[in-house]
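As written, the chains take the letters A, B and C, and residue 1 is the first residue of each chain.
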Amino acid sequence: MSTATEAIRIIPKSPGANDEGQWLEVSMGPQHPSTHGVFRMDVVLDGERIVKLKPVFGYLHRNHEKIAENESYLGSMPYTDRLDYFCSLTNNWAYALAVEKLAGIQVPERAEYIRIITAELTRFQNHACLIGFLTQDMGASGTPLMYAFREREKILDLFESLTGARMMCNYMRFGGCRVDLPAGWIEQARAAVASFPRFLDEFEQLLASNEILMARTQGVGVLSKEFAVNAGVSGPVLRASGVNYDVRKADKYGIYDRFAFKIPLGEHGDTYDRYMVRLLEMRESLKILELALRDIPAGPIVDPKTKIRGFRPKPGEAYAHIEAPKGDLGFYLISDGSSNPYRYRVRPPSLVNLTVLEELCIGHNVADVVVILGSIDIVMGEVDR
Amino acid sequence: MFGEGILKGLAETARNFFGSYVSKDRLTTVQFPEQRLPQIEAARNFPFLVYDGEDWQQGMRCVSCFICEKECPPKCIFIEKSTDKKPDAVGKPQFYPKVFNIDVSVCMSCQICVEVCPFDAIKMDVAFEHSTNNRFAGLLWDKKELAKPNEYYRQIHPIEAAAVDAALAEERAKVAAKAKAAADAKAAAIAAAAASTSVEVATEK
Amino acid sequence: MTLETIESEIEANVPGCVLEIVSNPSPSGQHSLRIDPAHAVAIATFLRDAEPLRLDYCSNVTGVDWPGKEISEKVKIKKLVDGVEQEVEEVRKTQTLGHLEVVYHLYSMEKKHGPVILRMSTEDRADRVHLPSLTPVWRSAEFQEREIFDLYGVIFDGHPDLRRILMWDGFQDHPMRRDYVEPDDFEYEPTPHDEVLERARQHRTIMGVQ
């Protein structure tokens, strides 16, 4: 994080070339509604065109990893909620998975189903809201966003009745989940899931052929396949560039291998494809949800052998990653046999996806930066940790 | 088609407006202070200490074992142990907290203290209107402010409380049975001792 | 493909490299490969491009701090005691230097396998903290290596833009190191614990308040 001195600065294009005109260095953010949090970009402009763009992080840095090194294994669980605060349940899952790998814990069948249901609901609400934010960044003053929030409300109600909190769920535990589904939850979830296809049709009808959306997104911020792979981009941004890589299929963590679903792929890798991939992914999530809500078995929700108090895994290390809504979310843990992790590392998908931001933006207008950044889908809680 | 989208949007608004007279589902706004949504069983806000019976000091379940203080992720619990003992929820003599403070400005409502407590002494409250004009003292709750009766717990988390009550009743019955057995054994021993002495006395005579 | 075959593949294709398999005793069974910094870029390029592996996706890059330990060992030495040579046991204490370690988790998007874990260590924790950057091989390492430079103080040679990323430019120390001392900024806290309590006491006496 570099300290901002001036918000706007005029700089010469090259030393001694003043007559050709000047570049303008603009500090975009950190208090800017389009940057989705406290995020800054040092942008160098040639007129309205982007010449250079340097992302600046650290405004929300609280050294989550250091805090976790001084916390018991269980004590870090509520902190993971606060990484990507839109998707606390997938964060919980990734961390629980890493600890389960580290200590060799088995998860009962019912807990696996609950994990899949909550993770896919999280993915659905994240993508719906992201599309809402993206259109708002383009000037569609709130209508798609409000539609998305209306549906998200149903999902948050489900989360609240299950976990007691709407966003900071703190629900997964090592070897299962914290509490069992309350009575009537599955019926409520089925009703919500059954109502989503109608919402998606409406959403698609509203946006997919919208002229402004197409003009603002098609051909904007094109990310090539090779560069996306090399830059470690993951999640919908990667798949919009046509790379078939989804951790749910590649790693088959949990019980994802039991569900038939497709991975939507983009063709051009532009902002429109990133939007479309998310829309299609929501439909695939609904397929998984329908199957999981139909097949969920009865049984225990947590491995009874796992200790709540005094949990000390044997020395060693483990890395586990999952397909979070934002991308490939990984947790790397080193245990030295004590009750705290020796090393606790989060592999944040939002941060790594920002690697490509400069390349995507160069040559476009300032207004397009807002749209491109919106389509990458970042949450600063995770970027800065 | 120009204007089609606007008409569609207006139709949706009109449907919601007139529909709100007919269907309760379309009337989503809750007039908050007057109206409230029904409580959810799993809801959680800040922790409180459960006590049994009438006297909050006598019936407090907490035995000041420091587990919640150690496990609390943001370290917002502060406990000082008593020097004497009093009977706990199941009747065993135990220490009790001389000081039990929770700084709710630091608490993040994660419920880990509830999960790790082996004595069912700390539970999550659902009350949320706690604004105060003092940032420090007003948000540092002591033992008296935290103590709430078991009836209140039953009221806010009925299903969970029923399970806890059943487990505690079983535990109490076990302790009582053990105490009774011990008392019986003691009485029997005394009786036996008395009998043997009387026999000795008799033989002496 | 096991780690042993990967090791022999690399040894056959990158001449002169020094590899070591670091076994992981935990149930996860994720063993790793320690590579020597001098050949790191060649090894990384080989792993990325060579056909059987094609580890084109560098997922996670992270630092680990291993501070120096004091090792006390009993040594038997011969000494002249009262003119007679005797064996005397003596406890000798040595301070190890410690090192910083960088761990790379590699996957293949094309072949969908992984992780292959690479580790590199610096020589110590003070001055000899240079390691080659793998950003030219995998661009995804760029921000994560910057983060390691910021939080651990490993200097990556060949990194295109090695600046602090999370802390501000004027910041001095590396906060993720295990011996990092927090700045002594005291803030009133109603429920002070252990070291905070101690600090609060010190500040109160300095300020003249009980």
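Annotations
By our rule, contacts are C-beta pairs under 8 Å (C-beta built on N, C-alpha and C of every residue); 3 or more make two chains touch, one makes a residue touch a chain.
Bear in mind the structure is a predicted one, so any value in this text is a computation, not a measurement.
Seen from the C-alpha centroid of chain B, the farthest chain centroid is that of C.
Taking the mean of all protein Cα atoms as the centre, the chain whose own Cα mean lies nearest is A. By the count of C-beta pairs in contact, the leading chain pair is A-C.
Here the CA centre of chain A is 35 Å from the CA centre of chain B. Mean C-alpha positions place chain B and chain C at a centre distance of 45 Å. Centroid to centroid, with C-alpha atoms defining each point, chain A and chain C lie 28 Å apart.
Chain contact summary for the complex, chain A toward chain C: residues 1-3, 57-58, 61, 63, 65-66, 101-104, 227, 229-234, 243, 245, 249-250, 313-319, 321, 328, 330, 332, 334-335, 342-343, 345, 347, 351-352, 354-355, 384-385. The touching residues of chain A, counted against chain B in their complex, run 71-72, 74-79, 143, 160-165, 168, 170, 178-179, 182, 206, 210, 308-309. Chain contact summary for the complex, chain B toward chain A: residues 5, 9, 40-44, 67, 70-73, 108-112, 115-116, 118, 124, 159. Taken together, the chain C residues at the contact with chain A in this complex read 24-28, 30, 56-60, 62, 64, 103, 105, 107, 109, 112, 115, 117, 138-144, 151, 163-170, 175-176, 180.
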